[in-house]
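Two complexes are shown next, each including chain A; its partner changes from chain B in the first to chain C in the second.
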Partner chain A sequence: MDERKSDRLATLVFWIFGALTILVLGFIVVQILVRGIATAFKPSFFLGKPEAIKAGGGVLPMIISTLYLVALTMVISLPLSVGAAVYLSEFAKDGLIVKFIRFSLDSLATLPSIVFGLFGMTLFCIYLRWGYCLIAGALTLSILNLPVFLRSTEEALKLVPITYREASMSLGASRWTTTRKVVIPSAMPGIITATILPIGRIMGESAAIIYTTGLFIRNIPLSPVDTAAPLAGYIWYAQSEAMVPDYKSVVDGGAALLLVMVLVVFLLARYLGKRFQNKSHAGK
Partner chain B sequence: MSKKESNGKLRQIFSASRSEFLVRIPLFLCAFLAFFSVLLIFLFILKESIPAISCLGLRNLFFSTTWRPNVSNPRAGSYGMLAFLSGTLMTTFFAMIIGAPLGIGTAIFIDQVAPPKIREITRRGIELLAGIPSVIIGWFGLTLLVPFLAHITGSSGYGIAPASLVLAIMVLPTITTLGTEGLKAVPAELKEASVAMGATRWQTIYKIIIPAAKESLIVSTILGMGRAIGETMAVQMVIGNARQLAFSPLERTSTLTSRIVTDMGEATSVFRSALYAQALALLILAMCLILLVRFVTRSREVTT
Partner chain C sequence: MMEKKIAIDSLNMNYGSFRAIEDVTLDILSRHITALIGPSGCGKSTLIRCLNRMNDLIDGVRVEGRVLLDGDNIYEPTYDAITLRRRVGMVFQRPNPFPKSIYENVAYGPKLTGMRGKDELDYIVEESLKKAALWDEVKTNLRESGLNLSGGQQQRLCIARVIAVQPEVILFDEPCSAIDPVATQLIEDLMAELKKNYTIVIVTHNMQQAARISDYTAFMLVERQGEPGRMIEYGDTNAMFTNPKDERTERYITGRFG
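Right after this comes the complex of A and B.
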């Protein structure tokens, strides 16, 4: 009787917790979209060049910067994290070195992104004299996201049944041949699905890139050594340091646009994840 | 092992799988990159902060609250970071007070209470919340939370309070995701046994499930703290960026991260180096958290 009551009360409290979380999310998403979506999809905004002091600037170079940065980061991260994951899950024996590597991955996952930003700036932009450029940002983000990518890849590799490996090796294939011809191909859909979600993080990252990639540009960046200004960093710049009189609408529009990009990536990851899941169930 | 034998073994390794041996090295290097990066990050941050440490001394740098940079003559300024360290710890503390119960409560909701459809929606929602860029949450805080706080308290609205609220939102996905994983790992038999004995759901949750998942709930909270300590842009947008120690939640102040971002653009020489020393402090804080996680999970074999 008393226990019943406290059980009901507890259930109610947990429902409130769950509802609160979803409400906070919904409130933020709706607020940002409602305020900015009209500006975001005005052609003069998303196809226009930014202004330094006048009102009415656009963000096309920033969108291109973001996409360019994502592509470069993926090109660098994917082979590295697949290589590292293959080593850790297929080749390495548990020992001191693996422990060191695991500890380092935990550290990379916990370090604040501003620390990565400072490191990237010091090493790439200053010591190597590259200046603010896309490739410096992409390298910084590759290190920053290494634990995320590695973990997703490792999980995809783990999903490949051990019998596949045994079958291949019993036919006389070496471990590397097995990995290359059996394990990686069958894990590939999983790897691709799992690496799409972090793209949203790369798009949204600002602290690690404002001092490596750049904050403000007027022209579309063409080569990886050009200075760029990804949208997330530009949003921050526009609200804190820019001198355009209409910075509020620029930030509103930019935030809505960035949120739409992140949502698209999120839905794509969900869609691919579901397709992949259905396929792997059908295969069993 | 005799020399002949070991030669034989070597030859065997090379002839049977020379390609494997050759491929191991690049694969190993990929994995080793993680260790190498951490080492490089530590060395670079340390190297850049040495001028400040040697010029100002540890006491003036880490244990003073006077931050009065001098842009034209950096050596004449004072660069004590204690006020910002306190800002970081205070915002993290308040964020955890709100975020940890909410995050763990949501994790329990997902794992134990919610019906399948609602569970799926909540889980996806948390995943999406984790992906919302910090500048967007910061802008949300700046345009809604700050005016709201200003309205109800009569202060400027900037300070520790909005920063903690923004951080609470941002640590929520970390705590909930890791917490849910930990709760899922509790064997179903434990729960079934408890329910079979006539225990209510609430009794089962707080007497069986929470104790069984205690370790991972603690770890999820610690990693949430890591997120709060390191968050930069969202905090920078709402904390007010004053160079003073805050005694109340509604005073403007700074955190280590927000101070770095605010000042990096104009800093040179010792001023700049003092900012690297703040990054060093952040790095040490993060390392402490990792060691804490290791300590909590020392009885278990693997963590992440």
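Right after this comes the complex of A and C.
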């Protein structure tokens, strides 16, 4: 086959693969939206309280639970991951301890999320007697996300050229000052991007939270130790356990709403990341 | 008066089990330019990085022997590397300004030592940029990113950044290898000016450059592959380039290898 033909064929093949992926994704998104969008944006649904046995319940406490859970998880895991990533990439000398940490992280990354859920329940809810609550869910999700979060933060730090570090150290800066004033600011856009992806995962995670935060509530959770019911878990609950006659529309509406929420949070995080990036590139 | 600024005394440097340089003894005179020349891989960059302990940053580096700065051994365990690097600044092979504004690049060092006052910082930034012959080109856009400058300008920004720390010695590690001839000329002129106030050591692979700008030259060589780099000859630059004592030096500077 001549060079030009084979190139065209390759282009076509890869185009088909690309198109297939988009098609599958598009199909799912359209299905979810078509089925649920009408319910999702009914004020009585997204501003209402859920019902236990009657039809017509809403999901406002679940929306709040989800947002609360995302915020709490980020507050816990961001400093933890960035701190650990800074240690691994800037301070640690390659040795047994670092190898052990990496091995543990890789093992952690392969565990199914239900294992984290059961672990969180055993430790936080039962052993520490916290019961179902937001903070138990947030801690569980922080552990769940640690490997991904840490790895991507570390990658962002590794992308900072070694020459920046050398320049700073050669001017008489300590390693910590170099990390604080040069490495982290330069890696910030990457770190922000690294934090966006887990947000989607936290919002959509159900297995890790059904045993830790709770599944059904009627009032909006206020404190981190309140029982909550994040939307993703509630969708599962409504589908499999709930006794409301209109559970089908609760599930569809909830799914569409969750999709829209993830999208909004995603776009918001990206916008903030971009803004930060522009600011840091403008100098100052 | 020939004042010794740095005395390198029987210095060996090892990366793990590999010995990179061996038994280097060399005096660096105050307010003169000393050039380190030699073929690639001869250990000249390694040697210059021993003078401000930049090699400390690499795992598995072990140094034996002494490097005396004004008579004090910088490899004494009690010697503080941070203080050392403020006294012995460095300009690198590739210009490496921070992704910050021109102003912040120059102010970085002074701020480390706790300088905060705006007037004070403004003054030192302006003075440093002037000494680095960059002020006229950047005085209207100090707030712009240092990365937007041309390569030669970036290298002068890095020189200004070093000057702002007010070091006594400035190490140049092949400072012109990544910039064009016109910018190289500017930097060479600048060095000639800087040696009035600073002790300068420059690593260069360019023998003409060493001959043009330096007062003293040290020639280093790895004789057989796998052996450490050793210093072959050291002396007055003119004498070495017109009448080298060692046959290996002669072969190198006449371009027969390297």
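Convention: the second predicted complex is superposed on the first by the 246 of 284 C-alpha atoms of A that agree within 3 Å, B and C clash if a C-alpha of one lies under 4 Å from a C-alpha of the other, contacts with A are read in each partner's own complex, and residues count from 1 in each chain.
By our rule, a residue touches a chain if its C-beta (ideal position, glycine included) is under 8 Å from a C-beta of that chain, and two chains touch if they have at least 3 such contacts.
All figures in this text were calculated on a predicted structure; none of them were measured in a lab.
Counting the residues of chain A that each partner touches, chain B and chain C differ, and the larger count belongs to B. Look at A:Glu166: by the touch rule set out above, it reaches chain C but stays clear of chain B.
Touch criterion not met for A:Phe46: it reaches neither chain B nor chain C. Touch criterion met: A:Ser174 reaches chain B and chain C at once. In the superposed model, A:Phe119 lies in contact with chain B only, and not with chain C.
Look at A:Phe216: by the touch rule set out above, it reaches neither chain B nor chain C. Common to the chain B-facing and chain C-facing surfaces of chain A are residues 174.
Of all the residues in chain A, the ones that touch chain C in their complex are 93-94, 161, 163-174, 177, 181-182, 185-186, 280-284. Residue ranges on chain A touching chain B, taken from their complex, read 3-4, 6-7, 9-11, 13-15, 17-18, 20-22, 24-26, 28-29, 31-32, 35, 79-84, 86-88, 91-92, 97, 100-116, 118-119, 122-123, 143, 146-147, 150-151, 174-176, 197, 200-201, 203-207, 210-211, 232-233, 235-236, 239-240, 251-252, 255, 258-259, 262-263, 265-266, 270. Residues of chain B touching chain A in their complex: 16-17, 19-20, 23-24, 26-35, 37-38, 40-41, 44-45, 48, 101-102, 105-106, 108-110, 112-114, 118, 121-122, 124-129, 131-140, 142-144, 169, 172, 176, 200-203, 205-206, 223, 226, 229-233, 236-237, 257, 260-261, 264, 275-276, 279, 282-283, 286-287, 289-290, 293, 302-304.
Across the interface of their complex, chain A is touched by residues 52, 54, 57, 59, 82-83, 85-86, 89-90, 92, 94, 96-102, 104, 108-109, 112-113, 143-146, 158, 161-162, 165 of chain C.
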